[in-house]
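Sharing a structure below in structure tokens format, with a few things to ask.
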Amino acid sequence: MKRCTTKTLMSAMIVLIAFGMSPCLFAAEYNVTASVDFTGPYAVVMPPIDEAGKAMFAWWNDEVGPKLGVKLNRKTYDTRYDPALTASLWPGILSGDKPIIHMGLGGPDVAALMKRLPQDKVPLIMSTGTYGFIWLPNMWVFQCRPTYVHESAGFLNWAHMNLIKDRPIRVAVVSSKVSPAYVDGARGIEAFAEATPWVEIVGTEWVQMKPVSLLSEVQRLSKKKPDFFWNMNNTYQGVGIVKANRELGQNIPVILSSHNGLQMCALATKDIHVLEGQYDSCAYDPGIDMTNPGAVIYNKYKEKLGLKNPWTLMSVQVAAMEVLTFRVIERAIKAVGPDNLTGEAVYNAFYSGPFTEEELMGLMPTQTFTRNAPFSEKDIKVKCTTVKNGKHVAVSPNWIPVPPVPKWVK
Amino acid sequence: MALLPCGVHFRTYRGDRAYFHTKAQWACFVAFIIVLFTLPLWAGIRYIAMLNVTAIYVIAVVGLQITSGYTGQTNLGQSAFMGMGAFVCASMAANLNLPFWLTIPAGGLGAAVFGALFGIPALRIKGFYLALTTIAAQIIFPLLIMSLPEKLAGGAIGLQIDPARLGPITFDTDVSLYYLFMGITVIMVYFAFNLVRTRVGRVFVAIRDNDIAAEIMGINLFYYKTLAFFIGAFYAGVAGGLWAYHLRYVGADQFTIYMSIWFVGMIIVGGLGSVLGAIMGTIFLRMLQEAILYLGPLMVNLFPNMGEAQMWYAGMNIVLGGVIIVFLVYEPHGLAHRWNILKTNYRVWPFPYL
Amino acid sequence: MPDALIDLIQYTVAGALKGMLYALVALGFIVIFRAGRILNFAQGEVVVFGGFIIYSFLSLPLFPSLIQGIFGSVPWWLFLIFALIVSAVFVSIFGLLVERFVFRPMIGQPIFTIVMVTIGLMLLLQGLTIAIWGGGDRPFPFLFPEGAVRLGPFFFTRSLFWGGILSLLLFVVLSLLFEKTRWGLKLTAVAEDHAVSQSMGISVKRSIATAWIISCLLSAWAAVVFLNGMTLTFAASTIGLTALPVALLAGLESIWGAPLAGVIVGVGESLAAAYLDEYTEGAMSEAFPYLLMMLILLVRPQGLFGWKIIERV
């Protein structure tokens, strides 16, 4: 991997057009570009994400790429989670690196790029949950996960089948007006509850981004006797609800997501016992099973490359996206050959049939993409985890199916 | 006002007040315009893209200069006014299918009304207190957008629009957008340069210098202060409309208070009280931001063993803040002042002063 | 007591306690403005930076064991005091550095330049925080033990409760200091006019430095109350923006206006969240501090207790 490191010493602006014309390169080289953010909202999780990226690319270029005659370069660009900077960087990236696919980080990437990608002919792949505003047909944006509402619906399904079987489940929503994405999620879960007879929303509270204290809000909601609290926004709110519960002397579980889930909150509180009895739900493997093929590869390359961060859900998030990208690129290579790889070829390869769970190393369930939605709508499944007796475990060893979620975005 | 070369004199007031006094100045100006409009032919696409976003910011910052630099009304909500313009423009484009040459001015007007509303308190409130009233605009704006019906203003999911069209030309590539943006920027900046030399401009400066004295001299403070906000917000609204056509997607979270703060930074670094200063400040800070984006990964790649990547990126933030502070400590009057000094030095060279 | 009344009192008092925290941060703004006429937009970052310094101290394995070693088992409030004293020293040094290199050249500059310098400082501190301590989240230690204080049917977060009471004492002490002592009089004179106070023999530089140190100490205390047991992260600096309307509502020169304004804003926010939020989907509690501030500023343009400056034409 020293070769890889030396190669990336070159300036990000040097054009690497090596369609087999350079005699000293054995394989056709292509660029895969990625957005990173080390100083904005993603600063907390960027190191594990970046390292997972390095490890998976190293693995593919070592084991799979040479057999197909292709080498993939991973180039990162600091977009600071800002759509204006992304918009002004992108044309340079497009003309300079000619990427075959771009790995996005979050909302600003989608906002800045989604309307121009059909013309630029480069697909965008995202590892975060789908936001409501991109649940549209015919997008060049591909999501590895359904919406956050789908993921919660999966957990509620499991609760309906295993915990509360005979009456509707009562959910109290805690959201925030700070970001439209948060408001969107709250609307989505409300739409789901309306469409599903065995779930009802008992109340919604709106809080600040990093609230001083959630005692009043949790108290108000607790009066309506919910079975679960629901928060998909950030760790501060999630931990805030748990703390407010403790202050009130009660323990109503909270349903969290991946980025504010049990692993992330445990990092924030440094004590997993605080989170006893809480749940999180995500369409990825939760990152606690070290026998997972992805985990094995990551740990192997962690040694080799001297990386520092352990295998967690954040690593899974990125590794899953990258494994899916690799599988799509492999299919594209099969379709057009190793020397003719373009963004359009990769885009077409997405629709070339299901990507099975085995191909994706068990990191995601089987993905089947259609032009109706940016995420795979067929057989959506999630995995949920909880903290039991101080240990972070999965609630069920299998993938949990997700009931139908109505499209709340017209 | 820079010095003029020897032998240049005027017999009419009109000649004296012109911007371009000598043929050489005219020639430079024409050459500049030609270079500006032929830039796509010989500059890389990356620079064109940077200039696109910079052009949008230039319009907004020139508007801010009119409100804050010339009239002295602290305005920290320019980004919210820009957002209002973007939403009005996108809403009309998406719902009524109007062409861009109607929606962009409409966006400007919508933002102007919004801005004037928040400018009305300026009659009573001054200084830092006024700054906070405009921050209030910044906070209330996304809440307002998310409360309006989704069809009208996009609510939580934002608005998506088609590219701008003028007859057979569709503005959906970087180069075509560049021409559109540059054209509109030139028009707006031209108006700004002229506005500050009219009676209205002089009224603004009078209000800035001492508003009570201005009132004593017969200036209607309420009208002119509100007008300052109106015009500044109109510029922001036009910038917002251009933003809408650039990304073709507007969301309530794209217009943050940090953007407003950057705008204020741009007029300060450029120099308060001159339109040229606004332009120079914008270009300088934008280039600084882009340079930092470029340097960060470069540093990480060149020194992979010196600390984590995160430290380098955070270091970029430190550099940014540091440059701004150092700049302001050593040149509080901004780039425009330095530029004037440079021009004067050129004229009187080899003498150190006149 | 009927349920609705219990709720009302609960929300009111909880809001007042939150408001005391806002007032604490707002006081940081006010003290600096009072001395140098500088509105420090970076106050939120200063709070977080103070929090990080305290955190670093309490995580050094040396520190707690040293205290245990010298004093045996120590009640939590004594430990708190020790931690605060030690951190106070370092926070003061930090404050002095900032004042010397950033604020002193800004004396007498127009408002905009000052605003921009503090914003540059904001960026600098953000970058510095991430560079020194990394961007990850970490838990702030429980300086106030966890849990709620129960008074009959009412629950209050312990840190806010005790923090609020102690802050009230602090406000009284500070306002007495500023109004009744000679030293406070000097600072007030500097606030009114730099040139005149210099000609009276008062050192403007020293006054501003003192005000800065007080402000940093206040911010460190605010950090302790705010972050008690919560996640310590650079993103917590948004408290600065939330406290800004409180500072302006109080009037930027008034020390004892801060707790009053804080209580008004806190109670209003809490009641709006309880009774109005269901109709407006949460918009009212976010917008409330600003709407209130704008209304009051229209009537009293210098804030509730700010100085009325007489302009001479």
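Order of writing sets the labels: A, B and C. Residues in every chain begin at 1.
Heads up, the rule we're going with is that contacts are C-beta pairs under 8 Å (C-beta built on N, C-alpha and C of every residue); 3 or more make two chains touch, one makes a residue touch a chain.
Small disclaimer: the values here were computed from a predicted structure and weren't measured.
**Student:** Between chain pairs A-C and B-C, which one is joined by a greater number of C-beta pairs in contact?
**Tutor:** B-C
**Student:** So, comparing C-alpha centroids, which chain is the farthest one from chain C?
**Tutor:** A
**Student:** Chain A to chain C: how many Å between their CA centres?
**Tutor:** 37
**Student:** Between chain B and chain C, what's the gap in Å when you average each chain's C-alpha atoms?
**Tutor:** 34
**Student:** Residues of chain B touching 2+ other chains?
**Tutor:** Residues 143, 146, 308, 310, 313-314, 316-317 of chain B each touch two or more of the other chains.
**Student:** Which residues of chain C are in contact with two or more other chains?
**Tutor:** Where chain C meets two or more other chains at a single residue, that happens at 126-127, 130, 135, 281, 283, 286.
**Student:** Which residues belonging to chain A are in contact with no fewer than two other chains?
**Tutor:** 38-39, 43, 46-47, 177, 183
**Student:** Which part of chain A faces chain C closely enough to touch in the complex?
**Tutor:** Touching chain C from chain A are residues 38-39, 41, 43-44, 46-47, 175-178, 183, 204-206, 208-210, 212-213, 215-217, 219-220, 235-236, 239-240, 243, 246-249, 264, 267-271.
**Student:** Inside the complex, what are the residues of chain C that reach chain B?
**Tutor:** 33, 39, 41, 102, 105-106, 109-113, 115-117, 119-131, 134-135, 241, 244-245, 248, 252, 280-281, 283, 286-287, 290-291, 293-294, 297-298, 301-303, 311, 313
**Student:** Hey, which residues of chain C end up touching chain A in the complex?
**Tutor:** 10-11, 14-15, 18, 21, 126-127, 130, 135-139, 146-148, 155-158, 160, 226, 229-231, 233-236, 238-239, 242, 270, 273-274, 277-278, 281-283, 285-286
**Student:** Sort out for me which residues of chain B touch chain A in the complex.
**Tutor:** Residues 44-46, 48-50, 52-53, 142-143, 146, 150, 155-158, 160, 172-174, 246-249, 251-254, 259, 289-290, 293-294, 296-298, 301-302, 304, 308-310, 312-314, 316-317 of chain B touch chain A in their complex.
**Student:** Which residues of chain B touch chain C once you look at their complex with the stated criterion?
**Tutor:** 68, 74, 121, 124-129, 131-133, 135-136, 139-140, 143, 146-147, 210, 212-213, 216, 257, 261, 264-265, 267-269, 272, 308, 310-311, 313-325, 328-329, 332
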